[in-house]
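Chain lettering (A, B and C) follows the sequence in which the chains are written, and residue indices restart at 1 in each chain.
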Amino acid sequence: MTDLTRLTAAETAEKIASGEVTAVAVTEAHLARIEAVDEKVHAFLHVDREGALAQARRVDEKRASGEKLGPLAGVPLALKDIFTTKGIPTTVGSKILEGWIPPYDATVTRRLKEADIVILGKTNMDEFAMGSSTENSAYGPTGNPWDLTRIPGGSGGGSSAAIASYEAPLAIGTDTGGSIRQPAAVTGTVGVKPTYGGVSRYGMVAFSSSLDQGGPCARTVLDAALLHEAIAGHDPLDSTSIDAPVPSVVEAARNGDVKGMRVGVVKEFAGEGYQAGVMQRFDESVELLRELGAEVVEISCPSFDKALAAYYLIAPSECSSNLARFDAMRYGLRVGDDGTKSAEDVTALTREAGFGDEVKRRVILGTYALSSGYYDAYYGSAQKVRTLIKRDFERAFESVDVLISPTTPTTAFPIGERSDDPMAMYLADLCTIPTNMAGNAAMSLPCGLAPEDGLPVGLQIIAPAMADDRLYRVGAAVEAAFEARWGHPLLEEAPSL
Amino acid sequence: MTVTDLVSYDDALATYDPVMGLEVHVELGTKTKMFCGCSTELKQDANSQTCPTCLGLPGALPVVNEIGVESAIKIGLALHCEIAEWCRFARKNYFYPDMPKNFQTSQYDEPIAYNGYLDVQLEDGEVFRVEIERAHMEEDTGKSTHVGGATGRIHGASHSLLDYNRAGIPLIEIVTKPIEGAGERAPEVAKAYVAELRELIKALGVSEARMEQGQMRCDVNLSLRPKGAEKFGTRSETKNVNSLRSVERAARFEIQRHAAVLSSGGTIVQETRHFHEEDGSTTAGRIKDNAEDYRYFPEPDLVPVAPAREWVEKLRAELPELPRVRRNRLREEWGVTEHDMQSILNAGAVDPIVQTIDAGAPADQARKWWMGELARRANEGGVDLAALPITPAQVARVCALVAEGSLNDKLARQTIEGVLAGEGSPDEVVAARGLAVVSDEGALGTAVDEAIAANAAIADKIRAGKIAAAGALVGAVMKATRGQADAARVRELILERLGAEG
Amino acid sequence: MPGITREEVAHLARLARLELKDEELDHFAGQLDDIIGAVARVSDVADEDVPPTSHPLPLTNVMRPDEVRPSLTPQEALSGAPAQEQQRFKVPQILGED
């Protein structure tokens, strides 16, 4: 019998739809896999065994009664613990929300359920999505399935580790500065940050509202596309949601082709700080694209150089305000309420106890950047940089269809290596941040292993806003060509757990 | 409470020139809250009108209420403001337990309406122009109840209980430019401005603007500068002054208090003040130092509001007649003095009277009932005139019955009493209580004859030409007919019988 | 651009309602000083005539009709409350004023 955890989501859905396997069997196989390996990986913060099996049973009943099933019906999924789930704990990786059970579902959660997808549980993440390693989780780090002593990326390390370790074929992540793409890159998986406004943020606990975007994580480009279509689309509950048809990403993923496309290599994403093996694999990807018939040119985006700085003003500023609601009054942790202290003191004591260092750093930084007297120099200037980045992208997309770069400058680093060096940690998102600043779409997919450490390297593809389908068209072509060259998906080279 | 020395109002005004700024918050009468679909209906059941958005639950997002924006534009237009072509919401960041997100979604440097004015008419008819700085959209907070302290006050409370039903209800904040040049009439201007604004808001139909229910709340900012000086003095901000009378009293008190402090060589601290209904005084609240930093920034969860010009012009075209213009028109139509009109306004009787006239009553009759008997009843019951259980159409019917002679004044009053008591329509009350005037000439004639016979001495006086004595006989007849006779007719009959000329 | 002092960090922490410990103040002050030093380069563009971008998308006028949607039940609303009384959120004594 085939190992049900090794199938792609598309294959799994097909087998369930045809009656070859039941959704319950698929779910049980994944629950068993989680039981077997998650103690080592620690991808999950919460496994909803009963809920998953109940949903799987509903899918099987639906099929039995001849009802039409969605394209991912019965496929298990790991949901980042940043999306609210009615009746299921949602912690955002923070102590301040330990034990909180939301009374409502995020729009993404609701759409997953409506698509008959089976939510296995909630995955680990850097607290409030602030980090690039998942070490900032209040519930302990997640290991990278390629090497458990290394980081799985962040903030969505739990989601990427879950799919890389075959605990689930699909996962949902969120990407504020690279939190879907960088984990995908370092775990040898596929991750997409859709166009801002493409996927509803309602019920996605906010880190930085103008940058946050939920998106799919998968082991193949097609699976990511199928999941993308399941969660995307206009949501009247999110004012920043785009009221336009979702780009045909599945069709694009089924028709990978770069012939005649113009591909721009972002000149600024190279040089000091970029690992040799990463650049080697990236250069090979450029060659591959040429071989596949794309015209590759170099493009300069001079403002990208200030993107990281602007990001570390905008994201902390917005988070300092977004996280103010965690005040010990209405939900979550409450510390120090001994009957003598004031609400004000209890709020301060609770936030002190409930937030980790990175969150505190960013809240203080954001409070600083928004203060009167500093606003124009910091927040105001950062918003101007944002305009310049947008212009760089606009200019670039006048001459190319997509841009490419390494997803992240290095492969997975050892857990603990950068944990008390914020600036070093922030560099992990150097190449991914400009996309969040401008609101357009980007994907990371595997492009090989770095020769020096044998760890996965990610190729980033960037498309204009609302042209998410281009990511999938290019991604599918690159994926097919690489797998033909390797003879198998890259992930099969990962050590077994 | 510290005792505040005051100087007399006249002395204060002899030395200083007051400058005021008035900030009024109006709760809109929309069906739903500003950023979520929760009902705004006032209910007792705590926390029954909340959702993830207005509770500030993690992940929840706001969506702007279209009628909230429309109402803001209407108010802006009625205040002769410019309406922004493009504006945004901003977050005002500060921690307070009644504010679920610990920021208020408001507007900062881009209000939807700005640069307007409102002409207010003082009691003597003088018109004073109050310049409007801005009107912007924001949201209300929840309500806290303080437990364990004396009389529910915040000080000494052991803990507080929060109900978020009110959190997120749309507010429009209307801010005046500094009001200068009102001199000794400053408190009167303040009161007239708030009264006029309330009328305007009601006329626009965007809120009932009931101050006693907190639907309209006023902050009075006041400073004094030596007469002739240009530069403003330091201001105090008296918060939540929630009745017209209080607005006037608060301004008056602060003028006297500032003058006392300044005259004794002291300096005014920029602080918030609390107004006390009991004695009209204010006491110090929070000092507004520079530590207060709201860290405003554009609300990233909402997109800009750019009201289409066609929409704005459509709303402008639909604006109702402004209250002051309407009042002056009605005053002329009714032929009453400024003073009487003011009383009518103060009694909340303008609309009932207009509606009664529309239902067919003569203006003087409509005015007489609403400002007389009905005003008295409303006063006794402590309710608004409009809340009395009688409709303008019913009052008009009573007027008609009087005009056709079926009721006299006394019977009309009894009829109204019956309607107010829930006994039915005026006709039903008349029938049930048997209130119709005795107009049967035979019966009346008998009653007159009996009265003359029983009061021979008075009858003689009348016969001798002392017509004024007829009143006593009229009284006797009215008593005999239990008031159900037309007194004028009775008098006629008496004089006729006694051969005297009326 | 000037650096950030320990006192400033303490002030910001108060504004942000974080009861930082002394050693945290020292630790964060150093780190924040580094970070601010690094991000201060954005102010190179402060004087440039560039409009700020606050929203990544050029959307305007997203509004909803004034129609009532179901609320949570009070039980759901209060389900996460650390303490409650009389169907209200029970919180420690509030200092200051409304």
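Definition applied: a residue touches a chain if its C-beta (ideal position, glycine included) is under 8 Å from a C-beta of that chain, and two chains touch if they have at least 3 such contacts.
Everything numeric in this text was worked out from a predicted model, so none of it was measured.
Simply put, of A-B and B-C, more C-beta pairs touch at B-C. Greatest Cα centroid separation from subunit C: this falls to B. Chain centres here are Cα means. That of subunit A falls 24 Å from that of subunit C.
A straight line joining the Cα centres of subunit A and subunit B is 56 Å long. Centre-to-centre spacing of subunit B and subunit C amounts to 39 Å, using the average Cα coordinate of each chain.
Counting partner chains per residue, subunit B shows two or more touched chains at residues 51-52, 55, 57, 63-64, 95, 97, 158-160, 162, 293, 295, 297, 300, 302-303. Residues of subunit A in contact with two or more other chains: 100, 102-104, 210, 236, 239-240, 320, 324, 327, 329-331, 339, 343-344, 347, 367, 371.
Shown for subunit C are the residues in touch with two or more other chains, namely 15, 17, 54-55, 57, 59, 62, 64, 72, 77, 80, 89, 91-96. If you check the complex, the residues on subunit C that touch subunit A are 1, 4, 8-9, 12-21, 24, 28, 31-32, 34-36, 38-46, 48, 50-57, 59, 62, 64, 72, 76-77, 79-83, 89, 91-96. By the touch criterion stated above, subunit B contacts subunit A in their complex at residues 51-52, 55-64, 91, 93, 95, 97, 100-103, 158-160, 162, 293, 295-297, 300-303.
Subunit B makes touch with subunit C in their complex at residues 30-32, 36-39, 45-52, 55, 57, 63-69, 86, 88, 95-98, 141, 144-148, 154, 157-164, 239-240, 272, 274, 285-286, 293, 295, 297-298, 300, 302-308. Residues 82-84, 90, 92, 97, 100, 102-104, 106, 201-206, 208-210, 236-240, 317-318, 320-321, 324-327, 329-331, 339, 343-344, 347, 367, 370-372, 375, 379 of subunit A touch subunit B in their complex. Residue ranges of subunit C in contact with subunit B, taken from their complex: 15, 17, 54-55, 57, 59-74, 77-78, 80, 85-98.
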